[in-house]
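Here come two complexes built around chain A, the first alongside chain B, the second alongside chain C.
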Partner chain A sequence: MRVRYLLRRILQLALTMWLVATIVFLMFRLIPGDPTSTLVDPTFPASLRAEILHRFGLDRPLHEQYLTYLARAVRGDFGWSFYYNSPVVEIVGDMIINTLLLALATFFLTYLFGILGGVVLAWKHGTPVDSVGSLVPLVFRAAPVFWTGMLFLMVFSYRLDWFPHAGIRTAGYAATNLFQKYVSLDFLWHLLLPAVVSTLYYMGLPMLLVRNAMLENFGEEYVEFARARGMSEARVMFRHVLRNALLPVVTSAAVFLGLALGGQIVVEYTFSWPGLGREIVMATQRRDYPVAQAMFLLLAVGVGLMNLLADMVYGYLDPRVRLQ
Partner chain B sequence: MSRNLSEGLTLAAATGPSWRTRLGILRRILFRDLSTAVGITVIVLFVLVALLAPVLMTDDPWAINRRPNGTIARLDPPSRAHWLGTTDLGRDIYSQVVVGSRAALLVGFLAALMTTVVGTSVAVIAGYFGGWVDDLLMRVVDFAYAVPFVPFVIILVSLLKPSLANVIIAIALLYWRSSARVIRAQVLSLRERPYIKAARVAGAGPWRIIYHHITPNILPLAMLYMAIGVGWAIITESSVSFLGLGDPLVISWGSMLNLAFTTGAMQRAWWWVLPPGFSIILLVVATFLVGRSVEEYANPRLRGEV
Partner chain C sequence: MLLQIEDLVVSYRTRAGLVRAVDGVSLSIAAGQSVGLVGESGCGKTTVTRALLRILPPNGFIERGRVLLEGVDLTRLSASEMRRVRWRRIAMVPQSAMNALNPVLRVGDQLVETIRIHEHVDAAAAWRRAEDLFERVGIERRRLYDYPHQFSGGMRQRVAIAMAIALQPALLIADEPTTALDVLVQDRILNLLEQLRADLGLAFLYITHDVPVVAELCDAVAVMYAGKIVEFGPLAQVFGSPSHPYTMGLLRASPKPAAEQSELISIPGAPPNLVAPPRGCRFAERCPFADDRCHLAEPPLEAVAPGHLAACHFAADAPRMRQTMATGDAWARAFAGTP
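Take a look at the complex of A and B:
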């Protein structure tokens, strides 16, 4: 049963990705003006343009182009970047790792502090701690994440000079291998500001979920009983109430991963974090459309995989879903 | 809960409420608690600022100002002449913040209106007619969920030429997905209610039932999504402008922050960074507060507990 469900979801994902790829193909070709200007630099001389168009098959009919485009995308061949002057595939590797690491760090911090914060809010329910504490995530949710990022840069980077203002490692830092590249103090030092800023932005959701789920549990008899047994309030909160309130939080966590992957663009751009999201912006600004197109497809695949994961987790936790 | 309110609700539950009772309950809830009143006041204030912008501005927001000694007033801190200081080109920041409210409100309300209308229509049609119509429309919703939102808006806007209208269109093209899914679920449960069955037996056509019996009942949910949508649209527009892909001829809070960021002036010109950011937060929090009380209205369970 579960295997069949999984297979069906994977098939659905493949179908969706095909649709996304088709939309991307159409988006980049059916726009006003000369569509090839998005694929071959329009400032090239006419003869050179014609040659390039021919070499990339852009002078062939649309349906033929579409088929070659799909065949290439499946093999991971996304064409040639004007800006880097190299195949797109060669530049994406590090960016995928960088984006994933930032997303994972954000995920970890968001749920660690979100859950702890939610427990505190529920615990102090009805006191000023709760009413002020519930407002804080609302404000960070309403603040554009790039603006919070700018504030952090102004204070912690430019004024106090505690943290670097851009990038992923200090210039001139040479790592001897991939492991050292990412497991180093220098990397963590660069990671902290962007991860904290996106955490502040996302933290509100798990925090309020935990708070509300815990409040619903407060009236239950097992809570009274635990208190009557003379347990400390902290033990009641963490060992008993939180445990029962965690299910909606876990399911939201799986959905969150997909969301964080797609929504990370602005944070990456603000902190010059060399990931997929920042590259979409840079490529769009540079009119380097083969790169923008590839990054968009990669992000869509990432989001799709995360949503698949979310469905699997959800199905595992709530068996009713599996049967549908 | 006031007695009028509960009477209204009882009446509503019995007959399937008319548009007028619905709006009456909504009005009472909106003005019941302080945070909602604050939210509405803030939104009204911003609307007034946007309407009265020409009167409120102290300066042409594009004008390059000079100091008394003739040099360009680059990055002057707040002063009597420039209440919120100046940009790197000597432009008056206070006037830019004032005129920026227009872009924010325009994008916020139009994009939210479009997403709500599209999302609600899809939801009502899918939910009421069911069958293959429902299947088809819900697959489209699934597909819309598979497209990463911000990247889509950025690329589409840059391909179509950056302009406020295109930002609104790009937001509306994807954002309707969330309201469609939730409102459809509501329509599915409404369809089986006795008064709707009665209407059907009495010979009412599908469109009449949708207009008179379904739509008034999903209106609160639709308004909840509208309220949330206004906030999201404002944040999305400011993000697109911040990334340098907004309309170059329009001053928005996001484009102000983009310049403060890309010119590096943010390192010391706090007066350029704080005002647009606070404006966004204030306006978006206000829409969230209003949204929260609409949610209480849309979800009667929340009304019992306070």
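Take a look at the complex of A and C:
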């Protein structure tokens, strides 16, 4: 039963990916602008331009391009970047790691502080802690993230000079291998500002979800019964009420991870973080079809996989779902 | 005396004003005794139990009075001292175990947790005790690993009962423990409770609106109306020779096992608004025997026989009132204007 359910979901996911791949393929061919303009100097003769178009297969009929694209994408081959003049797979590798690390750091901070904050708000419901505490995340949620980012850069980077303003490592910082590159104080120091800024932006969602779900549970009889059994308030809150309030949060968490995986475009752009999000913007501007297509597909796969994960975790957390 | 409630006043802050849900209730329960607290919905029965355990909702508070458990005033304990009293000395069987058990935790985990927050036993020992408790209330031990939604209503109530006796409390509050169940299951649960009381020597406070249940299970009975106790005494006296018209009405409104009674009657009207309660007797509006005195002065709770108290100006006249009740429909005549 559960295996069949999983198989059905995976099939659904594959179908969704095919649809996304098709839309992405068509979308970039509908955008006005000639991809060869970045590749070919206008002073080159027309024959050279035709030669380049031929080499990338851009002179073939659309349906042929489409089939080639699909057949290769399935094998993980996203073609050759016009701009970098190297295979897309090679460029994407580092960016995925960079984006993943920023996304995971953001995710971890967002849900850690979001859930803890939500419990505190619910616990102190009706006091100033709750009314002020509910407002702060809303302010950061309403503020554009690039604005918060610039504000943080201005204060903590330019004025106070505590944190670097761009990139993932100090110029001249030499690392001998991948492990050293990312597991270093220098990297953490670069990571902190963008992670905190996006955490502030995203934190409101889990925080208010937890708060409201917990408040809904407060009237339930099992809460009174838990208190009647002599449990401390902390135990009632964290073990009993929070456990019940977590269900909607888990769903939102998995969807969030998928989105963050695809690149937090604005944050990465603001902090010049060399990740997928920043690259989507730049590749689109350069008409670098293969790179942009690959980025969008990765985003879709990320969101799809995370939704699948959300369903599985949901079943684990709520035994009533598991049995049906 | 195991439990002595003295002049307990419990109020709720509401939008309409202060509601005195429990207004000067005094009640005592001896060790091993079974006391029934009866009254219609909203009369304050459940508020009494919440005040005993001090688990009132945030807008509720104990305004006045004392709750002495084994000589210690529970209303004066600190929050952490009170937590140690809960369940260890006073446990409760909830109205509906359906909603009282946490839906996302296995029942065994909830039972073991309850044991372990009060006693320093290791997990294995606590699980062994949980198994014994389950067998004691008639559930297979392997069902400890199930979730609440996998149990039927009656079984879930047994789980709650196993939880209630886990720490061998001195007093067990049963707040309408069978209302949510069908009649056959009700009977089995009541038998189980009765047997546990005999085996463990528990005192019982039985909250219900079900008169026959009280008649079957209790030694003494308190009748509550609109936040006050209107009659209290040994079961045989209160139900055998009721001295308050409300008790008489309540008995006539309940089916009796033998078909000796012509028809069931209901008491016309509704209980008074507790935000602004009437000056005199709270039952006066609905009472067929009330006169001016009843509307002006509140009758005190006084002895009509040794150990038998009633709060009625005409308590001395009880035999006549009982006869009027028995011979016809007192309410129909009273409210038709021919007393």
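Brief remarks follow.
To be clear about the criterion, the second predicted complex is superposed on the first by the 272 of 324 C-alpha atoms of A that agree within 3 Å, B and C clash if a C-alpha of one lies under 4 Å from a C-alpha of the other, contacts with A are read in each partner's own complex, and residues count from 1 in each chain.
Here is the rule we go by: a residue touches a chain if its C-beta (ideal position, glycine included) is under 8 Å from a C-beta of that chain, and two chains touch if they have at least 3 such contacts.
Source: prediction; values computed, not measured.
Once the two complexes are overlaid on the shared chain, A:92 sits clear of chain B and of chain C alike. In the superposition on chain A, contact of A:226 is made with chain C only, not with chain B. Legend: residue contacts after superposition of the two complexes on their common chain; A:191 is shown touching neither chain B nor chain C.
In the superposed pair of complexes, A:142 makes contact with chain B only, with no contact to chain C. In the superposed model, A:150 makes contact with chain B only, not with chain C. In the superposition on chain A, A:240 makes contact with chain C only, while chain B stays out of contact range.
Legend: residue contacts after superposition of the two complexes on their common chain; A:307 is shown touching chain B, with no touch to chain C.
Contacts of A:28 after superposition: chain B is touched, whereas chain C is not reached.
Annotation for chain A, partner touching more residues between chain B and chain C: B.
Comparing the two complexes, no residue of chain A contacts chain B in one case and chain C in the other.
Residue ranges of chain A in contact with chain B, taken from their complex: 12, 16-17, 19-20, 23, 27-28, 31-32, 38, 138-139, 141-144, 146-147, 150-151, 153-154, 158, 261-263, 265-266, 269-270, 277, 280-281, 284-285, 292, 295-296, 299-300, 303-304, 307.
Across the complex, chain C is touched by residues 126, 220-222, 224-232, 235, 239-240, 243-244, 317-320 of chain A. By the touch rule above, chain C contacts chain A in their complex via residues 50, 53, 55, 58, 80, 83-88, 91-92, 94-96, 99-105, 113-114, 117-118, 147, 149, 163.
On the side of chain B, the complex with chain A involves touching residues 142-143, 145-152, 154-156, 158-161, 231, 235, 238-239, 242-245, 254, 257, 260-261, 266-268, 270, 273, 276-277, 280-281, 284-285, 288.
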